[in-house]
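Two complexes are shown next, each including chain A; its partner changes from chain B in the first to chain C in the second.
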Partner chain A sequence: MKTPARHRAQLRDWGAATLVALLIASAVFFVHRNREFRAREEGRARAAALAVARGEPPVGRVDLAGVVSPPRASAAYPFLRHRSFVEAGGDGAARELGGPCAPAADKLVYDAAGRFEAEGAFAGFLPDGSGRVVAATPTEGGVAVAVSTPPGGPDAFPWLTLIGVLGLGAALAGAGSVMGGAARPLGLALGASGLAVPTFLWGGALPATLIGLVALGVAWSAGRGGTDRFFGALAAHRTALSFVAPAAVSMAVLVATPFVVGLVLGFYDHDANSWKFVGLDNFAHILSGGGKAFDDPGNFWFVLGVTVLWTVCNVALHVTLGVALALLLRQKWLRGKGVFRMLLILPWAIPNYITALIWKGMFQSEYGAINSLLDLAGLGHGVSWFSSWSTAFTANVVTNTWLGFPFMMVVALGALESIPRDLYEAAEVDGASAWQRFHHITLPHLRPALGPAVVMGSIWTFNMFNVIFLVSRGEPGGSTDILVTNAYRWAFERDEYGMAAAYATIIFLILLLWTVFGTKVTRKEAAP
Partner chain B sequence: MTARRTRPSWLGVAATYAALLVVTAVVLYPVMLVCKKAFEPGRQFALSASPIPREVTLDHFRALMGAHGSHGELLFLRHAMNSALVALATTVVGVILSCTAAYALSRFRFPGRRAGLTTFLVVQMFPASMLLLPLYVLLDKMSLLNSVTGLVMVYATTAIPFCVWTLKGYFDGLPRELEEAARIDGAGPWRIFFTIMLPLARPGIAVTALFSFMTAWNEFIMASTFMTEETRYTLPVLLQSSVGQYSADWGLFAAGAIVTSVPVMALFYVLQRSLVGGLTAGSVKG
Partner chain C sequence: MTRAGLLLAATAVAASAAACSPERDHGVVLWHTYNGAERDTLEELAASWNQAHPDQELTLVAVPYDAFADKLTSAIPNGNGPDLFIYAHDRIGAWAAASLVEPVEFWVDEPIADRYDRNALLPLAYQDSLWGLPLATKSLALFYRTDQVTTPPRTTDELIAMAPDARAHGRFALAYASTELYGHAPWLYGYGGEIFADDGSLHVATAEAAAAAGFARKLVADGVSPAETNGQQVATLFGEGKASMALSGPWFIGDIPAGVPWAVTTLPTVSATGRAAEPFLTAEAVLMSSRARDKEAAFAVMSYLTDDPSAVLRARQARQVVANKAAYDDPDVAADQVLATFRDQLDHTVPMPATPTMRAVWRPYQIALQEILRGGDPGDALRGVEDEVIHGP
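== the complex of A and B ==
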């Protein structure tokens, strides 16, 4: 028997809605279950540790439990700390923790005592993924420590409940479809939102509302034919979409996930491994300059100013140098053109971190090549390049110019090759001067090719992490840092992950604006 | 000055040659310093002025190749293997995942095509260093720090969009007649892709693969952030640590820089024409 088309469409919509609802419900279930699991296991270990602290045998199953003494300095090596250990339920004799043939759990107990002295009583999962919990509480003569046994398998996913809800939903959706009219979207909405009930029981109101909204949305769009159109497009372009799928899915996983995580982290404050939601505080702190003066390297606007100056200086130098060299190389009578071109693109061929390290060595104040050359030329002696802002910034710019001009030169050469020679001949016949020929023929032909290259070059320079990080290292005092290196310092030198993430978000917005603006301008120029 | 002059003045000729020679000298000078340092004995001096070595020795190369780690393993070999493995895996992952997408973006018209192209371009242009922190947090959670797998996943974030764009450019340049003929003969899209387009695109795929290999081989900041154990270093991390803040061995660095960069530089010279074409094609059409 053939199912009527509207039944099929109805059931398909219901299937899509259910899938989304099922995903939400499953996620909620696992989060909820893990939270419960954690509370239960930590409770078990804590109870065991408390029992040991009272001098009783530990309750429940434990791998190891007992009392650890405070640390004593080792007689042989004063920097080593020994602890002794009395196992609960044993013969009451104390033994040294650790040593050549000690059990592996000794290390856990020793570390737990150390953590207890730093943080006070605690209970928490061991970071080894075994599901064991270690708990510590104070007691007479030391710390009571208990390491629980690994638990049995976790609770099963509630398949039966879900199958029941799915069956009920399908029945509702099917009934709506048979009745037709307004009952169709109603049946859909009721059927899919059925999953909200168990979700509400496991995880609270928010995910249940989410599922209800999904169901309502699907029913609404099904009523207006929206899902039909969507599935129609999906079916019509299924070949193209399946070709794109591998790259699209991997990008979604590899790029979208860290990107979204980065956006979210910007709203948190990170301190000693715990995250606290602080809303827009990080952004406010950054954009207000953090209460620092405008000429302080800790002020965002100072860093932004340095970054813009850095980008403008470099791109201007790259373009000027690149175009000038391309014009020289284009002379018809020039010999050894190929050799010059090959040698001049050498900096592009060298990996840029190596270039940066080479120039760092050359700018070294005592033995560096630059100072030796300056000395020979009588221009200066023992310049300490990285102790003042202007010289450090200059060193960075010189390095980056050296490594960046070949790209612009090659782009300009390509554009120059496309200019027909007749144009120049005609202009010469008409008596145009060299400057007029450059201004009216060469420049207009260079622009469409150089425009995108400048946009791209500016983005590369804006993000030129390696040169700043390796040549000046932000010296003196972080004042030559650009935005990306500053974000790096927030993350990996100051451990302020939240601030670093907020920084990265701001950098992203700046780049996005610039790209949109830049492509608009170059498009306008490209289309005369 | 750009004009075709039948008889340029001798002054102009001399000035042009002089300018080109000066710039070439500036370009060559740092390279010569590194070569000198690599063959000159002594480790403590930075790159000093004279580009001619006083005496020649292979000590630095020997020290580089013979450095042992705490378990007696040959460190340089380890780092070179790490670099090669990461770059190779990144290339394979990038090319395999992106070649079908590049073909579809070149040939088919479907909803979301423009948005997809823009996304790939934006992701490729915005550097991975902006994703550094979230990637670090995620890899830490998954225990993938100091792991080749983790680094390959990170590199794939830029390798995939790069491969999609360059391969799309290559497919754009291939004639459509063969596909149409095959379609008339009854071949389906997958068959056309695998038996006709893929073999035709082999040169394009080779160039793309070599470029993504070079990019991964030359990457520094991600590797230095995610690979912190000495045996896990890639070559860029080794080179940077050899001239660190507190102890610098410029001879070792110079030798390492030569060994690391000469292969990729040779590759660059072979491929440079196609690189320029690909880059500008991507940016103009985007």
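== the complex of A and C ==
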């Protein structure tokens, strides 16, 4: 390699490592700065409140400070609580807080007194984004409250420090490259780990070590030609990468981010807007069945059983009906195939929640179409479809079969098109029966197309929220709920987002296993 | 008072309310779910406010009901939400816990509180604070078809006695949302049952509540009411003449087909206890976002929308069951029989609990009611509700 190219490569590697280090260092800096800022501003307001509590004028600059009296509840309306206020540094006269014309700042000290009575002394930022802090502390005859003035703003980003460290690092890396030999990776590692020093001061040993490891890793990789290969590949596929980039970025934002957030939430417990880390508790609670019997709809394993049964029944019906109809549509004697095909695809074309709502209405016990038909046929009167598990489950399956068979039919039609006619002709010449032709020619040719369709269809059915939620609504007593509707109930009926996220993770793992297994099986079948 | 006079009065009140707050040109944004006459009236009120306060412009934003609560909970913490919004009181507990709504007792003095019927204001008090000012109240009342019923029942015994005659004509005496807790609540409270005890703890599985559920089962078993009815079916049955009476609220009026002769009266007394059947009360209120930009101006608007002249206008034009006592002195409002009935019913209502736990009660209770109406044991079913609310499903 020519000398200038070697130096360029060294600086390039140093730049890449430094970029990662810079990201880590900036994140650490902002966390550090916000913590400092918070502590400083809260300390300022707290000091002012403490001074007021001692009867002195407030230290530092404040918007408003003084002593708020305990509440006096209105006789007629106990929730109207009147308070009076003595402003610090004023003439010592008490004035009433509140009323329709009260000044804006009074509301802050009034609310602070209420919060003090609920949770004790505190100092905290106002939620209005102004950067002001309210602090309250006990004193004789009430609560001492101080509202700080808006702060001048947090520390600036330390550009000078960074430029100094970066310049030094670049010089080290360059020097290493010029000296060559063992100095080359050494210079790279030292030059790229310069940011570890300010990071250590801001955020301690952990992020600093991380930066050091990044620098070492890049230096090690550069020594083995790893970075050359990496950047070479980047340059070679520049066009392809630029085409992929928008999709990759949107996938990262729209798919990967919610996915990771969902995974993480599963380890937390949500209660009235606060999140508490509980480790694997949610998963343990779900997988142990929550202390319920196995035949209780609240038990995870019961719901899983229903879900699996639901999936198996549906997919079996979808495939059987779809293949049967596809075979029928292939018959030579059938006239108006186009019309039939269109009609049969129609259930697929209608949004499934609309179909689900229509079926729900048809299953209504007193005026529903299905009971009217049963009544006419003399098969029963006023069947209450959603009052027992078997009928409610049947209603769900019927609805979802209606929704699901067109897909399988379309897949089967496509696969049937691709079977060479002469195979059938040869079989006919050999005297094969219709069943033998189906079993030995049609079925083996359908399998490669139906395999992936079955895997996909089973995943859709496993997570078929709309039908369950709209048709049976889990009735009776939640026993026809499947895993995904159960997860919904945890999130939106009980506000237990952590449990819902854990549920979602479990569903994901089950489906992941099934997909891996399913693809393997279908691949094996397609192979011979 | 003439309409012009009314507007003048409203303007005068508004002017006095704003005189005390410094003009800060932030404007006030209000989200609501109104449509039809309610929306027109609100827009008229906003227009007269804006005429008097060009510096504190009130902007109305109509938001679909289905998306309303979710939009609020995601928009307010990010500072993109409204300054004020109109909603029923029953979410106050959850919103207060999440610091989405601003307590307003600071600005409210006794003269303001005295404007409203006590029963309409109390639902807005939660945990020693006041969270909004009431616009109107909603509760169930007894609708009946005057072509089928001449004297509506005053007791539940009279109600049950009407069933054989109604059955003979091939119809039900009473349709109501029997499997929903909202529809069942009048019997629950009429029998002396409750959902939360006075100290706020869950208190579902009581002998009184079991008796109420037993009564609901009797209504179905005796053919007084159809089995498994929801709100939608109640409207259909009543409109088609298949039910002579229906328990429903002010929103029901729009669902009754033209040509059906109807009237509305208060709920009957429960014969077994001698207590009035008491439906849930929801207070529709103006609430303030905790991130409102100019809270003083927002409160001035809040106070203006719920003051007496505004209430008269809302009662007259939108037929709201307004919360203001003085509004019912207005001759037009006093002459409105429907409003008078719902106002009488207000004295026999129970505010829908605003505590966040209530959200976990609805569905288990509904499942229990379905079980009971199908013949299940009331005591067991209600114990199941308590168990599920406390321990999760």
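Keep in mind that, in the parts below, the second predicted complex is superposed on the first by the 405 of 528 C-alpha atoms of A that agree within 3 Å, B and C clash if a C-alpha of one lies under 4 Å from a C-alpha of the other, contacts with A are read in each partner's own complex, and residues count from 1 in each chain.
Here is the rule we use: a contact is a pair of C-beta atoms (placed from the backbone, for glycine too) under 8 Å apart; a residue touches a chain by one contact, two chains touch by 3 or more.
All values derive from a computational prediction rather than experimental measurement.
Of the two partner chains, chain B is the only one that A:351 touches; chain C does not reach it. When the two structures are aligned on the shared chain, A:290 is found in touch with chain C, with no touch to chain B.
The partner that reaches more residues of chain A, of the two candidates chain B and chain C, is B.
Once chain A of one complex is fitted onto chain A of the other, the partner contacts of A:77 are limited to chain C, with no touch recorded for chain B.
Contact with chain C, but none with chain B, is seen for A:107 once the two complexes are overlaid on the shared chain.
Of the two partner chains placed by the overlay, only chain C lies in contact with A:489; chain B stays clear of it.
Taken together, the two complexes place residues 366 of chain A in contact with chain B and also with chain C. Here chain C touches chain A in the complex through residues 17, 20-21, 79, 94, 97-99, 103, 105-110, 112-114, 121, 125, 128-130, 226-228, 290-291, 295-296, 299-300, 303, 356, 359-360, 363, 367, 370-371, 374, 388, 391-393, going by the rule given at the top. Looking at the complex, you find that chain A touches chain C at residues 74, 76-81, 97-102, 104, 106-107, 110-111, 114, 127-129, 272-273, 290-291, 297-298, 365-366, 384, 387, 475-478, 489, 493-496, 499.
Within the complex formed with chain B, the chain A residues making contact are 233, 237, 239-241, 243-248, 250-251, 254-255, 257-259, 261-262, 265, 321, 324-325, 327-334, 340, 342-355, 357-362, 364, 366-369, 372-373, 376, 402, 410-411, 414, 416, 421, 424-425, 427-428, 434, 437-438, 441-442, 448-449, 452-453, 455-456, 459, 463, 465-466, 469-470, 473, 484, 487-488, 491-492, 497, 500-501, 504, 507-508, 511-512, 515, 519, 526.
Against chain A, in their complex, chain B makes its touches with residues 1-5, 8, 13, 16, 19-20, 23-24, 26-31, 33-34, 45-49, 96-98, 100-105, 108-111, 113, 116, 119-120, 122-123, 125-127, 129-138, 153, 156-157, 160-161, 164, 189-190, 193, 217-218, 220-221, 225, 236, 239-240, 243, 245, 250, 253, 257, 260-261, 264-265, 268-269, 272, 276, 279-280, 283-284, 286.
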